[in-house]
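What follows is a pair of complexes built around chain A, which joins chain B in one and chain C in the other.
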Partner chain A sequence: MQHSKTLYEKGLLKNLKMLTQRQYSNFKFVARLDQIKTFYTGIKALNFENNGKFQVSEDGLRVTVEEGNCVQANLYITASCFAEFHVVDMVTFGLNMNIISECLGLFAGIPCSLKMFYKGDGAPLVLVLHPNEEADISAECSIKTTNIDDVIDYNLDEESRTLNVVFVRGPALANIFQELNKAADELRITLSPRQPHFKIETLGVVKTETFVEVAKTSDMIMLFNCRDTTSACYRNTEMRLTHKALAAASKVAIKTDSSGLLEMHFMMQSEEQAEVYVQFYIMPLAEI
Partner chain B sequence: MKFRAMMQDPEYMREFLYIVQTLSKLAKTCVMKISMDKVYFVANEESGSAAPLVWVEINPKLYFSEYTMQGVDSEHDPHIVLSVPTLNLGTALSLLRNNPCFCKLKLTNLQFPCLTVDIDATTKSSSDKSRRAMHHVPVDVIPRCDWPNFAVPVVPDCKLVLNMPSNRLIRGLIDKIKNLSPTIIFYATSSGEMNLVAETDMATITTRYQNLELRAINISEGDKDKEQIEASCSVDCKKTALFFSALQVPSNELSCGIVDDQLIHLEVNIRDGIAIHSKLPAVCV
Partner chain C sequence: MKCTLDGGNTKVFAKAVQSLSKFGGDLFVEADVDGMQLRTLNPTKSAVGTYRFNKSFFDYYETNQNEETYCKIDMRACLTVFRNTKQVERCDMTFIQDQEKFQIQLKCQHETLKNTCISVDDEENITAEMTPENNCNTICGSHKIFTEISNNFNPAEEEITLEAQDKKINVKNYVEGSRVNEKFMRSQLQLNADEFDKYNIEKQTSITFCLKEFRALLMFAEALNESVCLQFDMAGSPVFVGISHRDEIHCLLIMSTLSSDEVSFYDDCQESDVQETSTSKLCQKRKLNSTRTNDKSKSFRRDTKQKCITEDTTLSNSSSLFQFEKNSNKRSSSLSIAAPRNQNPSLMTESISDNSILLLPAVCEESNRIHTNPRKQTLALTSAEEGVTEISSSGDEDCVPESPKRQERANLRTIFSRCFQATYVPSEPSTHGQIFALDSDTE
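What follows is the complex of A and B.
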């Protein structure tokens, strides 16, 4: 924050708390990304609720956003994705998702590199952005952080007899969701080893129904592993929260079991082998 | 009163269309002030709106291939002042996009005063039959006694003027910052550095541009001994964003002048003899 510090001395910045002045080595969390794009897409996919929870460990970065107790979205970026990654123990802090999303988009559409610094409790998260091709331009953002409560852990039982797993090509699934009735209240997803293998139905207010069936032999199915029939209803508004992630995903994994809890993994397109994915847990509606 | 102008260069014509479109994004009507050596368009939406004050300066001798005007009978400085609906003029000019042969602008008096746009839409490349479009855009002639109310803004004497980098970068930047902070501070130094600073309870954002070209500097008595001259001004972020998002011209050269705590003057030079200006007043933080 060398540069913001001078501005503070000139009296242009007033909030000293938002400036970090200690040496590099004292930071609890430092990370550098050469390309901001995938990270930015991931953050945008989670920007449906303001409270973002950041958890950093040696494995990587996890960002969690929850809506009520019904939807949880996680962005995972493994440590290997970062050009530089340094963390002391386990670091957690809360951030306003809208603000970090706007800050990451400051140089919209231009390839940028990013550095993140975090000093510890009560300190801001500092982002330094450098457009790759413009050496004379840079931006420093410091964003207020908050303490966070624990994150609910959702889990599907991997051993369950009814665990169904399907891998689908992202763009194809995005097309299907585009065609479904957007005004519908509820959406039913059925997975079955028998026909119809994969079925999405919408139920509208005036009993209008649309459905799409995908056979397991379809080109869009990359893996089909169903043991038993599962079927559950979800609120369409909650399903629609996944759309930004879906639009950016190259591959989607759909997992569910007899409890109806829906887990979706969205693999983000990334040039390298790096692992960036967004995960959603969506609670089913109670069957009446 | 007489006014005729003609354009023939396709690039100039397209630029002219872009300029009128820029104005139409800023104000419903603009004031067109025609004199022998300058044509001005001034867009000044009534107070209360977020639109900034923008004016366009055209040197007709460089810009129009033919130009004649006869102003109201004042010998020293003949003028014509018109109030022009920007959207209508933009629609009338929309054919300029298709590389026509020429475009004539004329002040005519049908039942009421009109700015007549006469475009020969035969494209230079194709050999199809001549197609000519004529639009009459109703305008109001502003009487001489009201002229003092429609004076063209003066380019202020800025303490520091720096040439800024491409519009694309700065437009996106201010567009994002406006969602986070109501005001933005422009801070420039004589060593060619420009900082855009936004501060709220939730976040502090500073953007720095280095190695900018210093275009002008006015050193006051008190600053003479200083190593580095500085200027800063805080302006409304929405207003600034609106100026950049309204710009329809592919601009290469943008300059930003600052008068300490008073105003910011933005100038887009499209080419010799044609420039878009805007003045943004300071706001208190």
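What follows is the complex of A and C.
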């Protein structure tokens, strides 16, 4: 473990308010975020598994979390969301999601700014949190990084003739999912250009069969573009992994095709109007 | 059977289901030409609740001629459907698949449709052919007064006893002479007849019944904002609690009551009571021995009027653990005040008005106990002749001024919140695998 002195004392940070040019040369990745709230929400939404993969490129930051071979969650923050963003080539490292979530939550909800530093292979990720109102308090965290294997590359074919895309308002969809029976084993999601347009059935509850149906003309559906009827079952426990992202989302894009692979984009609007979004891929259960 | 409810009535229906769900696990749905009723039994079968909805309650109601459908469905499944009815605009209920499933369709805002099909368990129904007699005791009052009464008691309280007399009524959570352990705290409140809308006691009597189902019904009465009517006879006969709403909804809760035994046991019980309390110096809370409720299994298919419980309890009246002190300048119709139950025994209830009846906790010093009425038939506990004033009636003199408040810097606590949490997280193993210094003691 490195530093017992703060970066400031070591002379690495000349000015707490701003990163100077000289500092960049030491680091492979440096970034500053003025409001951590949306980033923190995104990290929390991904915190269902401990191993997270951080990939930083010129376009922005991507955090990936996988559960088995069935669920993959990605957090995307474009470079334009950051106040400052510098990266040398591509930087990839693994991190414990629980730890970074706790570190970001150190100031328990007070608005903070965040600076991230990463020196390179094997070096820890350094976070410096600075509450926006308090001038004399800051927190520095140094988190060990690990090497991590590649993640599965999920993809929905844009040209597929069975590709269905639906945009739904976040709060309304959150309401629907919240009311679904938590005791259900599976959820069957059906999208179709014909009636029923958007249907979620709960399966596996004793003595009860329930479904929720939304017409495509509903005002909670912002876009409805279905080419063919698709229907697939998903494990309820896996679907419930999305609930934190869903609760924070302003809008949700649902995409699927005849393969049954479900892609959900949760857009989280941040204060500066720059978008942070969480993307989930969920594999369907095999039809017998 | 097919029926439709509008949004507002769906909410009322949902409240009915929620109220009935507090009884037991099965919901009996019965539909005939005139309307639909929901019934349920409690697990010990000592209470049956019937909520009847006239066909005028529904926007659309259709049954086959002379058809009487009845079935039993799982209460929880039904409750799940009606848990959140905020966005419901319409509710359609029907039996499908040849009476094998009960279908509930909720049309909600944003063109959302929620559909549930609940499998019918059984084709069973309850028959409870009991009606209150015409000349039995009747007490009717707004739901508010009854809710106040029930709030006076601990939410965990199982039973209450009503001692109804000509002009007033005592409500208490114990039956005198019963054996209880040291922790039990008895509370009692007295209300005058004029607190109720209708108070007609043909025969003075005392009944004891379960509070849980009564509270469940009160919940629905509150939702409807209606008054509640109690009809009862003597101890042992069932008590009928009813609500009537605009001729559209009629609710009836029939509960069994404890029967009173003859007074032959009376003396024995009283002596042991005296022994128990004389040992303690301060008033202590007493936990109620809940042995009574287990024996109340009855079948309502029997057409009997008398419901007997095997538990032996008597009504005694002279072991007055409670003393009432009325202020000398009381008006004739003084307010009855219910003292809050969980009191610090060394303090006194604050007098709410000058003309209040104060409820003093049992003072277990022998010298102060006054046995007012050795007569066994009188149920009233009258006031103490000597004013028992060792406990002051108001808390003003005992008031200690508040210490000055610390100036809070709210941020400090949140910023340093981590310092207040345990530092060692056992799930994360130490990086080195060797402990050089153990955690210091938490002091």
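Here is the rule we use: the second predicted complex is superposed on the first by the 263 of 288 C-alpha atoms of A that agree within 3 Å, B and C clash if a C-alpha of one lies under 4 Å from a C-alpha of the other, contacts with A are read in each partner's own complex, and residues count from 1 in each chain.
Here is the rule we go by: contacts are C-beta pairs under 8 Å (C-beta built on N, C-alpha and C of every residue); 3 or more make two chains touch, one makes a residue touch a chain.
Keep in mind that this is a model prediction, so the values were computed, not measured.
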Task = Check whether A:207 is in contact with chain B, with chain C, with both or with neither, and answer first, second, both or neither.
result = second
Query = Of the partners chain B and chain C, which touch A:136 in the superposed model: first, second, both, neither?
reply = first
Task = Pick one for A:108: touches chain B only (first), chain C only (second), both, or neither.
result = both
Query = Which partner does A:80 reach: the first (chain B), the second (chain C), both, or neither?
reply = neither
Message = I'd like to know which partner A:229 touches here: chain B for first, chain C for second, both or neither.
response = neither
Query = Taking the two structures together, which residues of chain A meet both chain B and chain C?
reply = 99, 106-110, 131, 134, 137, 144
Request  = Please give the residue numbers of chain A that touch chain B in the complex, ascending.
outcome  = 3-4, 7, 10, 12-15, 18-19, 96, 98-99, 102-103, 105-110, 124, 131, 134, 136-144
Request  = Flag every residue of chain A that touches chain C in the complex, lowest number first.
outcome  = 1, 99, 106-110, 131, 133-134, 137, 144, 172, 175-176, 179, 181, 205-215, 217-220
Note = In their shared complex, chain A is touched by residues of chain C numbered 73-74, 77, 80-81, 83-84, 87, 110-119, 121, 411, 414-415, 417-418, 428, 431
Task = Name, in rising order, each residue of chain B that touches chain A in their complex.
result = 165, 169, 172-173, 175-177, 179-180, 185, 187, 195, 197, 199, 201-212, 230, 232
